[in-house]
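Structures follow.
Note that subunit A is present in both complexes that follow, paired respectively with subunit B and with subunit C.
Showing the complex of A and B:
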């Protein structure tokens, strides 16, 4: 082994991985970077809410109902006297938690099912894809409403589980088709030809190549999940009404009086939702662009 | 022949593809053997079943429709055909390894060269990570890559085609296999690089002491590398002999035609020699008779009526053609008739 001893391991060689190229492109994409900054700030404020505001989001204050924005209450109060600014931040915490956790769960399920079906093909593929079709054909809203009412006591976790279980189908199909086209590449056969097990070939060789698709799917799903939470809560079937969330805040706007006279109750959560979704979509587009070898940016 | 002096013995191999419910044989009744440290070339046009044959040996046929129907693939006396995926994985990359045609796609674009080299050692050895990486770097040096310690951290797209093929060779020889299958390893490369790669394979073959099964359609490569040659046509072996006799006394009309298709340096001509027609496709394979008959300049009536067998005319020289009486089945009265 004398020859091997001379071999020095160079750790700091200049890396030109597809990842670093994409990172550089993303860095130069202004819109995506502004959006990312916005999302990071929102997320930080959401999880540091207790240190930013002195109010308790659950405290009902009869004395200060329906106050206009002004001193003491930056964005005024709602019909129960709760501070809107405080609700907005605690609501962000709920909405973003649901969004992030549900997206993570969905991507996990979709990746496992999609890559298994795509790689093995044959009857495995048929069984998994028919199961996917089956889940896809559940009437989403009805199912969520029924499950959410059954598991009411479980709080936001019931909603997260229900959303995850019902939303993975589209992403699984995308992953499957991408894996199917990727496995035809010769490097997959080469990886098998050096004694790689199917699990290892999928994990180490195919998934890194499919990762860009998965990341883009995840960003778009994050937006979808936040919207789903909002919509369901607005309808009264999402987050329990005691828990602050952007959707629950919008529920107040069902009262025509509020819409007409108390803009500070519904415009802040509305804008928060809009800008968050918009920024997530810009980030998704940015990532898609960054991984596209044909885009010059 | 005992299993001692044969490394790989393929016996009556039939590999079929299931197309629209019918099984079509891309490899039909192929037998040949490879001795340790021997370079055997498999020659033939595109579509002759050369690649399918090599994939059968590695058990890498497309799962959904490719299948070994009949026959044995004896590697050191052990039949590979019925082995499970798990048993096969222990052999792939360790005892038998493979180099592919297209170095551009045979390396994973998102993993570093080093990682892909390490992987084969991780699969088959138990040495430490640090040690594996050292081995990888010295393997790269062995295949003639300078700056090996930097290349391990680079990605395939940063290397040229020739370098990538060198990396593929490094991966293939990492565990010092007994048999290397090279499926047209130089087809995708420049002519100058081709020569270097062939030279490298030859050099490594001597260093490691492995046998090489080289699949090619380039007779120049055969002349350079081979000890023995197997000529395939339409899924069958039509001639098998050593390299000298192939070039100096070819027997089968197909082999002769192949040799005549090579342009010669001392001959001035406008149109190159070709073999008229094409290899019959899998679905249009003739049911009976010699498969080369439609393109054969020496075709006879008997060629359409019965199947020639691979018969040994001289020691170590076998041919499948009715021009030689050894190709008639033993119990045939046609033999006398034609003679």
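Showing the complex of A and C:
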């Protein structure tokens, strides 16, 4: 009997890895779970748009311009007669894809630069951090607008590159400081002493311990990237105007008359962006909280 | 502190130089140059275009062009805008006061709102009022400024009719008169409110958390023990400590306002620097674009420097680094 209980306890103790604790905490965080569900549903709708709507997002229909929401067009149509509900889903695809890909790219750059600077220290660190400070010193949005206007006709991949090249600095600094403190631990010395190359030590031993920081940074960045894309497209410096995106959909609202009389053109994408960012923020807070050993729950 | 300040200012010089090179390179890469906007390629002969290019020095090696540009700037000559038909310095001079007014007003609104909301939420944590403020905060952090601007115009300008939807001043008013300034402030309020939203949310949050944390500290308990009134404890003892860190962020505010102003001014058709930048890029008015791009980069640089210096005053350990 006693032995069985001991085994049980042991099992329980084994289960309590930081990851499983965090997963359980996150699972019990209602706000984060609702947000995650919302984000998953939006993403699913975005990529399954052709099966959900019968309209073609690119088709211009002169006969049904500026229609109010109603039969046939759930959310009305825009000035070229395109269905807003259809554009909303195809737009989500563009905006979310840019957000996810740019975030991935930024995290990659930030991790490489941050961990190299943090692990090696010395002059490598100085050079990399001075460079980071330098990039950081530019006004982000102004810089993105200027760069995007140079590559305006190059499509969404150019936009992704421009966004990624300019926004890795904050995350790189965070990764660097985390790697620097992690490096002082004995397990790193042990790993180096048995002949681990710097690359292997960073990848196999340090990075797993920096992972939580990176994940939290990634959620923050995802929100920033989506906002940046939509704002740029809204101003006319982002996604080419033929491609539907949440920002492009709102471009028409630069005319005050559209704001006043055709609310269905800009309110749906506006709300879609806001709720997406809100849910990403809640997920981010949930993850941060889940990995915080001091937080209850 | 003096040595620290001087050292920080000296390290700015090479950075400024590099910034100017980056600005110049990007401006070269941008579509359009000083000539393309002035002549119509359709009815000018190629020989004439070539002649003009030679005359303007557009065929010179890049480093010669850079040298000429930078030496002009040092002499405060930023070239001529072909869309506005005036010197860039003059053009920026007409727009800059508007942007400064917008930024100052936005900061004032931000500080006032954050102060009252943060103080209330910090003094009454976990109450209905606190939760309401938190909810508003989350929304303000999530909604992109251009979406917020559209909603603000829709609700406050069109539905309620409280504020003008666009523009920076009413028409038909004599420059410098009281009515003129009144109209200016009236036009600036709504864009300033939206521009300061993000910062307001983060300061409110910061102030609230800091007040809640400070309320547990020993010096507060001591103050209570000697019979200080609750009001005095919060207003004098705690607030003074909690506000200092916010003051140090002033430099970063400048940087965030610069980015925000570009979007907000464009939406509100507010005749400031940001709106001018966007329209210049669209019109390929390269002299104006370069001047504003350089100006905003330097302003951001100075903002970051100011943030560092203020931080050095508050936290002496920074200076030792």
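One rule holds in what follows: the second predicted complex is superposed on the first by the 279 of 297 C-alpha atoms of A that agree within 3 Å, B and C clash if a C-alpha of one lies under 4 Å from a C-alpha of the other, contacts with A are read in each partner's own complex, and residues count from 1 in each chain.
Methods note: contacts are C-beta pairs under 8 Å (C-beta built on N, C-alpha and C of every residue); 3 or more make two chains touch, one makes a residue touch a chain.
Fair warning: this is a prediction, and the values are worked out from it, not measured in the lab.
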item: Which of subunit B and subunit C A:185 touches, first, second, both or neither; value: first
item: Touched partner set for A:208, first subunit B, second subunit C, both or neither; value: first
item: Partner chain in contact with A:195 - subunit B first, subunit C second, else both or neither; value: first
item: Contacts of A:131 with subunit B and subunit C, given as first, second, both or neither; value: neither
item: First, second, both or neither for A:104, with subunit B first and subunit C second; value: neither
item: Set of subunit A residues, in rising order, touched by both subunit B and subunit C; value: none
item: List of subunit A residues in touch with subunit C within their complex; value: 134, 136-143, 145-147, 149-150, 152, 223, 227, 230-231, 234-237, 250, 253-254, 256, 259-260, 263, 266, 270, 273-275, 277-278, 281-282
item: Subunit A residues touching subunit B - in the complex, by the definition given at the top; value: 3-5, 7-11, 13, 15-19, 120-122, 185-187, 189-198, 200, 204-205, 208-209, 211
item: Touch list for subunit C against partner subunit A, complex; value: 15, 18-19, 22, 26, 29-31, 138-139, 141-147, 150-151, 153-154, 158, 165-166, 255, 258-260, 262-263, 266-267, 277-278, 281-282, 289, 293, 296-297, 299-301, 304
item: Of all residues in subunit B, those that touch subunit A in their complex; value: 58, 60, 63-64, 85-86, 89-94, 97-98, 100-102, 105-112, 119-120, 123-124, 130-131, 133-135, 137-138, 141, 148-150, 152-155, 157-158, 168, 171-172
